[in-house]
Every structure is written in structure tokens, then in C-alpha cells.
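In the two complexes below, subunit A is the common chain; its partner is subunit B in one and subunit C in the other.
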Partner chain A sequence: MNLVAWTVVFVVAFPLLWMILTSVKQQSELFQIPPTFLPEMITFEHYFTLINETPFLTYFRNSLVIALATTCVVIVIATLGAHSLARFSFPGRERLAQLVLFTYLLPSVVLIIPLYLLMVQLGIANTLFSLTLAYTTFALPFALWLLRSFMLGIPQDLEAAALVDGASRMEAFFDVILPQALPGIISTALFSFILAWNEYLYAMVLVTTEEIRPLTTGVMNMLITSYNIEWSLLMAASVMMSLPVIVGFALLQKQLTRGFGAGGVKG
Partner chain B sequence: MKMTIDHPASGLRRKSVKLSTRYGVLGALLIAPSILLFCIVIIYPLVSAIYLSLFSIYTPTLQGRWVGLGNYAQLISGREFWPSLWNNLVWTIGTLSLQVFFGVGLALLLHQNIVFRSLARSLVLFPYFVSTVVAVLIWRWLFNDLYGVLNHVMLIAGLIDMPLDWLGSMPNAMISVILVGAWKYFPFVVISVLARLQTIPEHLYEAASMDGAGWWARFWDVTMPQLREVLAVVILLRAIWDFKEFDLIYLMTGGGPVTSTQTLPLLVYKQAFALNEMGGASAIAVVMMLIMLAFMILYMRDPRPAEGK
Partner chain C sequence: MAKVTFDRVRKVFNDAVAVADLNLVVQSGEFMSLLGPSGCGKTTSLRMLAGLEFPTSGTISIADRVVNEVPPGKRDIAMVFQSYALYPHMSVAQNIEYPLKKRGVGRADRQIKVKEVATLLQLDGLLERKPRQLSGGQQQRVALGRALVREPAVFLLDEPLSNLDAKLRSHMRAELIQLHQRIGRTMVYVTHDQLEAMTMSDRVAVMSNGVLQQCGTPDEVYNRPVNAFVASFIGTPSMNFVDVTFERTADGVRLTAPGLSLKLPSHALRQEAGGGGRSTVTIGIRPEDVLVANDGAPALVKVFESTGYENIVLFEMGGGNLVGRFGPDVRLRTGDHVTLQFRTSKLHVFEGRDGKRLNSDIEPIAGRAAGRSA
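This part shows the complex of A and B:
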């Protein structure tokens, strides 16, 4: 059973392993027929080329800024919103909760056209702000959904105790709910960050200038438009692009599987 | 410290500890930013898309003229909509089946006590969280006809005697895209199913074993009924997300060869930004949404089969 399981895991993870291996192989080795499996000599030259001779760092910085900004905005809005959905009753609350799910089912190609027009009219097309705004739109429903699940799971005793002690609802929120929901907030923040980091279509449509371009479109553009596709650089770029995901995973392994499952399966 | 408007003790008196939920105003305030954002960037574009579809609009200048339902008439009688719809269905059903099959399979495997289980679980999740761009780059490199390692391995194994052109001819291209889609998205199924598997009580399996049930009977009669609800949700979500998938197919094949892997989302993009016909593109987008809506309604009305035999 161990063997079967790990063979399958190996097959699934193989492409990623291949990505790493290719990125440290020497250029000449890449084009050998038959291809080699392990590198004959490990080199980091592709990474240096990437950083020094291409706009990669600019793209990286852009992606970082956009993803961080999106995550902050989403977390702030979603935490407050989820608190409302979980704890308060007002007319239309259930309808809202369903609407949250519904928005997630719309194709981005539908939203992209009017969104693009809106950005142009507002005069913010081709800015980091426009991308942040756009990314917030699809990160927010997911964040609300996740955080609402978490908050529903927090027992109401502590809050009630705080209220008895004379705290207002908002004070109870900050002193009691936030600390309890922290694991959920961290998971949601990580998800939002990854969603924003990986986004391609919106980046392609809303940004056409080099300085604002994020990693996803930047990397595709930079290397595929040249006549010779430079696979070594592409693989190095891929590894670096996956860094936040790898880091996030390493730090929050357990939380992710638990949090994602809870949010995705329960109603 | 501020005093609350409602006397907290009254809330406590009713049940053990139930907070008063009557703070309608505060509740509405807290959710207001979310709603505002929704309206601006989801409701507005949605309504706009429907509105735009009634015009013929030249994308670069955004100048338009009224055509009413002309765009819709054009796409129904045109030659690209129906093939794209067909491709979309083939892609969706193909990749969804694989996602569910391997998703459930791997969830079952990862539910067992294997060595380094959490590492295995993390590794299996990677394809889902890695960027589509990265996934496409890796797979295009693997599929490379001359230097790709896939062809090499298959040649050595004797499965083929000439390198395959994975992405440049049919039906290879569609199959390749379906495979990559399955690899990228099946972890979603794995997580959801695994979470559910972990809540199935052991004694159900013990009872089945005592009745003499083999592993297949245990799976079919104990596990599957328990998974029914999760799978229903997962299949619905993945069906919809796969149906509207743009990035993966666009970056893998661009819709090619020619338009053999062009799905509806790609057609919308092509209409809007390559053919500069934004009105027509909006019409296709609206039709897409109607199809998905119809699917959702039919799916959710479908009476679920009764549990057990």
C-alpha cells in the first residue's frame, strides 16, 4: 500500500520535480537527445541571467505589491463582512450568503469586458491599483465564505461573557473573535495571496505596460515571444514564481487542508 | 467601556449562551463594504455584459451601434459558436471525469496509514496551488516533441516508435489539455473527499467486515453513500469551473491547432480582443452563462438517489 501510494504521489509530483531539475541543468544538457534525468553539473546560471538580464525582478515586485495589497484589502473587508454574516441577523442575510457563492460561478471572461471598460473610464487602467481592485473581486467571495465558516464555528460563550462585562459588539469583536479566528484568517490570507499571485487573465487584459506587468503575464510574454524558447530560463522563472506557494505550504500545511476542507464542503 | 443598548442579561436568560442578533444596523454596516464592492465589480459588469451584447462595438475605440439581438442571431447561425460549444463539452466532461476518478482514488489512498502521510498530502496538493502559467510551462516542456522527457520515456518503454506531437495535432491536443487540466485540478477533489472520509465512523466498516464484506463491498456500500453529498457539491463546482476555464487552454494551445481546442471562453476572448468585436463577445458570454445557469438548475433539481440499496 505504501508503495502504491508513493508511486502515485511521485507521478503527480514529477512535473514539479522536473521543473526544478531542468532549472539547474546546464544549457547544453537540456538539448541532449536522449535527455538526461539528473543534471550532470548543477548550475545556477539561469537564475542569475533571469535576475540580471531580464525584467523579472520588476515583474516580481509588481506581483508582490499587488498580491499583498489585495490580501490586506480582502482580509479587512471579509473579516468584517463574515462577522456580520455569522453573528447578525438582518433582512436578506441568507440571500446574501447565497449570492456570495453565486458570484463565484461567473466566468471571468464575462466580467473582464465591462471591468476593462470601467477601468478605462475611471482612468486607472494600467495601474497597480486597477489590478488590486480587480483581484479583490474574485478573492473576496472566497474569503467571505471561508471566514464565515470559521466564525460560525467559534462558540458564542466568550463573546457573551465580554458583553456581560460591558463591552460593545465591536469591542467584543476585536478582543474575542479576532484572536479566535486568527488561524482561519491566516489561512484565508494565504489563499487570497495565492489567488492574486497566480492570476493571469485579468493581468493580461488590464495591463499593457512593462512597468506594471506582474509575473504571470510578464514571464509568458518575455520568453515565449522570442524566437528560441529559452526553456532553462522559463523553468528557473517557474521555480521562482512558485516560491510563495512553497513557502506558504511549508508554514501552514495542516491549516490549509483543514481550512479548505471545512470551507469547501460545509454549507 | 460602553454600555450596550440591549441589556445583555436578557439575551443570556433565554438560553445557555446565545448572543442577541438584533443589531441589524451594525450588522448591515459591517457587510456594507463587501456589498459595495460586489455591486461595483460584479453586478455592474454582469449587467453591462448583457447590455453590451445588444450593440456592435469596436474594441479599440469603444464606439458602438445598436444591433438588438443581431449578435445572438449571428452567433447561432455562425460557424464558430457550435464547434466551440462542442469542444467545451468534450473538455469539461473529459477533464471532470478524470478529476473525480483520480481525486477519489487518491483521497482513498491518502486516507490510509502510509509513511510520511502529511508530506504525501502536501505534494499532491501542489498542482492546484501552483500558477497556471507555471503548470503550462512545465507541461509544454514535458510535451516538447524533440526534447520533452515524456516522449523519451514512452520511446524507451516501446509504447511509441516516433515522437508524438502532443499539442500540434488532433486528437492529441485535446487529450493533452484534458490531462493537464486533470493534473492541475484534481487536488480540489482530493481535499474535499479526504475531509469527508475522515469523518466516517470506523464502526461502520467493522460492522461490514463482520458481515463478511470484502474491500470492494465495503467501499461501495459504506464509503460511497457517505461520499454522495460531498461528491454532488464537488462535481457541481468543478463542472462549472472547468466549463468556464480560460487560462489553461489558452496558454497550452491557444485554441489550436486552428480552432480544435477552442472553447467558449477562448472564443469570447478572441471576439473581444483579436477580432475587436466586443458586442459579439458579450453575446457569447451571456449565452455561456445561460448554459451554466440551466445546468445548475437542472442539476440541483435532480432528485438524489436514495441512500443504500
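This part shows the complex of A and C:
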């Protein structure tokens, strides 16, 4: 079983490994026949080129701002909304929850044109804000649905006990519900971040100015043309683009696995 | 310490009536149990008192103040939940001090109070642990501590012992009784276990299907149940019921069934008994009031159970089953034929298997059971 697992890991990880190795090889080595696996000489020149001679850092900053902003907005709204959908009884609650799921099932490409027109009319097209707003529209339903099931797994008695102990509804929410929902919130935040970080289509349609471009479209636009692909720079860029997500996963791994575990506290 | 009043309290969920017109007063300092089977409305009533549910109609008062619109935190109550509802991410000390924190009590004062409560409940040494590191009994004491620390006017307990094993449960029962004696606060205790209700309470309120059946002292509900439901719910093993033919004679009342004949003085039953031309009633007799005698109603021993300090025997009598409870000296075997008598001073007469009790309890029923030999 171990052998199978490791084989799968190797197969999946190989492209990443190749990416890292290629990024530290000299360009001349890339197209050698026979191809080399390990670099003959390690060089970081591509990284320096990317940082110093291209707008890469601008794109990086833009992506970071958009992804963090999207994550914050989504988490705040989804946590409160999920709590409401899970705990309060009001007419049409189940219908609303189903609608939320339904909007998430819509392919995002369907909404691009109307969203673009809306942004132009609002005068916010071609801004970081427009992308944050756009990403929120499809990250939020997913986050609501995910967090709702986490909230449903939190025993109702906990909140009742807090209320009897003198907490207001908001105090009960912050003191008791949030800490219990934390694994779920962290997983949802990470997913929202990755969704926003990796998004390409909306970025391409909604933003055309260099200064506002995020990494996805910026790097593609810069390094891939009809005539040439700057492989070394592309690999270096890919490595740097993967770093925040990998670091995030590594730091939050414990929370994530708890979050994956059926999203709940034992009753 | 405060009086609790339920005044015509009604709770309806969608179309189901959970609590129907509850009128109940819990005296200041009293230990009152709400007892009944699952779904009888006892927990709903407790939750309405706590402020976690809103009554559909009627008012609930604590210390003569109507609290229908008052949020749970401001009712001067504390509650122990069946699941304990300890905050999993907080330590024992943090759990216990939480109500004080919400009230704005300073840190130094909080620590003193927590220490006091911890010593009272033998939780010293556990204060830094998280709930998941505690045993069931310890968790329960932390839940009690969190309630105690507030020094509320009324304690609410929702089946707090049901998650404990039998031995721990009987130990905690004694502890709760002592606690109530020591602090003397009003306690409203919900349980489905009649033994808990009987041993711990000043009064027991028996509920069924949302309706309060009887509220009385343990002695009253045991010896003078108002109807067959209360009679069968209280006491274990349950009361025996036998359908009999009813006949008013010149010198009293005659109750007969196959193999059984009982005579009671006419004043033993209320006037309406038999007045409506009723010819069949149901008699109830508790297992400990069944006697093996030299003559009486013939019966066959089906099952003999010995617990060491008493013997529980299942008889077949007159086509039905009857349970008797005897001391260790009465030894019978399966298949033995015996004759049984009933202690008529303890006989109950009901309108039917789910009807009201017809005894007049002005004076004890005196009479003699006579058996018809086969």
C-alpha cells in the first residue's frame, strides 16, 4: 500500500519538481538532448530577472490584495450568513439555502458579460475592487454552503448555555460559535484565497491595465506570446506564484485536516 | 431564592401541542421535578422558563416578575444541560468563570469565586484541563459549578444525570440532594427517571402529552395518584392493573374478576364510582402489596427473579399477568401454584386503564380480599 501511495505522490508531484528544477537551470540547458534532470549548475538569475526587470512584483502585489480582500469579505459575510442559515428559523430558510447552492453550480463563465457591463456602468471596471467584487460573487455561495454545514455540526446547547450565562447573541457568537467553527472558517478561507489567487478568466476580461493585472493574466501576457514562451522565467514565476498557497497550507495544515473531518464537534 | 409561576402556559410547534395550559407554582426554595416520558413537554416547559423558547400563550413569572420578554441572561437563572454544554475550547476555570465575566465581575473576584466553587465540587486540580480531558462525572460537576457560581434565584436542570452510569448516578443524586439542602435555592429538575424524581424532590409534577397530570409530594403521587397514568409511571416495578366487574351491594362494593373477588366498604370509593351505571373498573395494586396467602386468588408462578435483598415474581392470574415483590424469605419456583391476596388498604380503583382514580382518600380503605378457590 505504501508503494502505491508513494507512486501516486511521485506522479502528482513530478511536474512541480520539474518546475522547480527548471527554474534554477540555465536557459541553455533546457533544450539539451539528452535532457538533464538535475541542473548542471544552479542559477537564480531567472528569479532576479523576474523581480528586477519585469512588473512581476506589481502583479504579485495585485494578486495578494485581491485574494486577501476577497477572502476577508467572503469570510465575514459567509460566517454570519451561515450562522443565520443554520440557527435562525425564518420562512423560506431552506429555499434560500438551496438557492445559494444553485448559484454556486452556475458556471462562472455564464456571468462574465453581464458582470463586465455592470462594472463598466458602475465605473469600477479595470480596478482591483472590480475583481474582488467579481470573485466574491462566486466564492461566497461556496463559502456559505461549506460554513453552514460546519455550523450545523456545532451543538445548539453551547449557544443556549452562553445565552443563559448572560451573553448577548453576538457575544455568544464570538465567544462560543466562532472558536468552534474555526477549523471550518480556516478551510473556507484557504479555499476562497486559492479561488481568487488562481482565477484567470475574470481577470482577463475585467482588467486590461498593466498596473492592475493580477499574476495569472500578467504572467501569461508577459511570458507567453504567439511566437515565444519564456520557459525559464515562466517556471520561476510559477514557483513564486505557488509559494503563498504552499506556505498557507503548511501553516494551517492541522486546522485544515480538522476542517475536512466532517466539519463538526461531537454532539 | 424565588418562586416560579407558570400561568396557563401553552406551547405549540407548527400544529403539535407540546405543552397544553400548564398551571404550576414552584415555591421559593423548593426542589420540583418535572417528570414524564419522552415527548411529554417537560423539557419544553423548562426551556420556556429558561427563555430559550417563547410560550405561544400564557405567562411565566420568576419572583412575581413576568419574564416572557426577558432574555435568558437577565432572568437570574442558571441551567445545567443534559449534554453539559461545556465550552470545549475553554478550560474548566474559564468555563466556570464565564457567567461572571459576562456580568462584568473583575478578574480577582472571579478567581476567588471559581476557587470557592471548585473546592465545593472537588474540582481543584482540574481547573486548567479542557472538558474533553475530564470524565463524565467531572464534566457534570463543572456544569454544576458554572451554574452555582452565578448564585441564581432559580436552578434549572435538564436530565443532568442521564449520561452517567448507574453507580455514578446514584452518587450524584445524593450530592445534588445535599447541595440543595446546603444552598436552599429553588430548583426545577427535568427527568424521565421516576426514581430520581421521587428521591430528590420536595414535589413532583407528572406530565404526559403536554398535560400536567398531577403535582404533589412523592408520597402523594405514589400513594394517591390521580389517575392510572400517574399510578403506572411512578413506582418500579409498575403497578399491576386488573379489569374487574363492579357491583354496589347493600353492605359495600364488590369487585370481581376470574378467580378474584374483593369487597370494599361503600365509603371507600367516591360517589360517582358506579353512579354512571358503570359496571367495569380497573383496580391497581402495587407489587409490594401483593401477598402470598393460604387462600385467595389462584395464580401460577411464571418467572422468579431474586436480587439478593428482594424477590420479584411474575404470576399468571385470571388470564393476565401480575407482578409481586417479596422479601428474601419468600421462595418460589417457576410452575408453583399459589394463592394471592391484596392489601386492600392499598388498593386503587380507576375508571379504566387510562382513567382517573375513584378512591376517596378521606380515610384509608379497609376491607378484605376473599379468594374463590378453583
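As a convention for this text, the second predicted complex is superposed on the first by the 252 of 267 C-alpha atoms of A that agree within 3 Å, B and C clash if a C-alpha of one lies under 4 Å from a C-alpha of the other, contacts with A are read in each partner's own complex, and residues count from 1 in each chain.
By our rule, a residue touches a chain if its C-beta (ideal position, glycine included) is under 8 Å from a C-beta of that chain, and two chains touch if they have at least 3 such contacts.
Small disclaimer: the values here were computed from a predicted structure and weren't measured.
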Checklist entry - Among the partners subunit B and subunit C, which is in contact with a greater number of residues of subunit A? => result B
Item to check | subunit B versus subunit C as contact partner of A:Q180, first or second or both or neither | outcome: second
Checklist entry - Taking the superposition as given, does A:T208 touch the first partner, subunit B, the second, subunit C, both, or neither? => result neither
Checklist entry - Touching A:D157 in the superposition: subunit B (first), subunit C (second), both, neither? => result both
Checklist entry - Looking at the overlay, does A:V109 come into contact with subunit B only (first), subunit C only (second), both, or neither? => result first
Checklist entry - Touching A:T7, do we find subunit B (first), subunit C (second), both, or neither? => result neither
Checklist entry - Of the two partner chains, subunit B (first) and subunit C (second), which one does A:A167 touch, if any: first, second, both, or neither? => result both
Next on the checklist: Once chain A of both complexes is superposed, is A:T22 in touch with subunit B (first), subunit C (second), both, or neither?
Outcome noted: first
Next on the checklist: From the superposed pair, tell me which subunit A residues show up as contacts to subunit B and also as contacts to subunit C.
Outcome noted: 155, 157, 160, 163-168, 171, 265
Next on the checklist: Applying the document's contact rule, which stretches of subunit B touch subunit A when the two form their complex?
Outcome noted: 1-4, 8-9, 11-12, 17-19, 21-24, 26-31, 33-35, 37-38, 40-42, 44-46, 48-49, 52, 62, 106, 109-110, 112, 114-115, 118, 120-127, 129-135, 137-139, 141-142, 144, 146-149, 152, 156, 183, 188, 191-192, 194-196, 230, 233-234, 237, 240-241, 244, 246-247, 251, 265, 268-269, 272-273, 278, 281-282, 285-286, 288-289, 292, 296
Item to check | Residues of subunit A defined as touching subunit B within the complex | outcome: 1-2, 4-6, 8-9, 12-13, 15-16, 18-19, 22, 30-31, 33-35, 37, 77-78, 80-81, 83-85, 87-91, 93, 96, 99, 103, 105-115, 117-118, 120, 133-134, 136-137, 140, 144, 155-157, 159-160, 163-171, 194, 197-198, 200-201, 205, 215-216, 219-220, 231, 234-235, 237-238, 241-242, 245, 248-249, 253-254, 256-258, 260-262, 264-265
Item to check | In the complex with subunit A, residue positions of subunit C that touch it | outcome: 50-52, 71-74, 77-79, 81-83, 85-89, 98-99, 102-103, 146, 150
Item to check | Of all residues in subunit A, those that touch subunit C in their complex | outcome: 155, 157-158, 160-168, 171, 175-176, 179-180, 265, 267
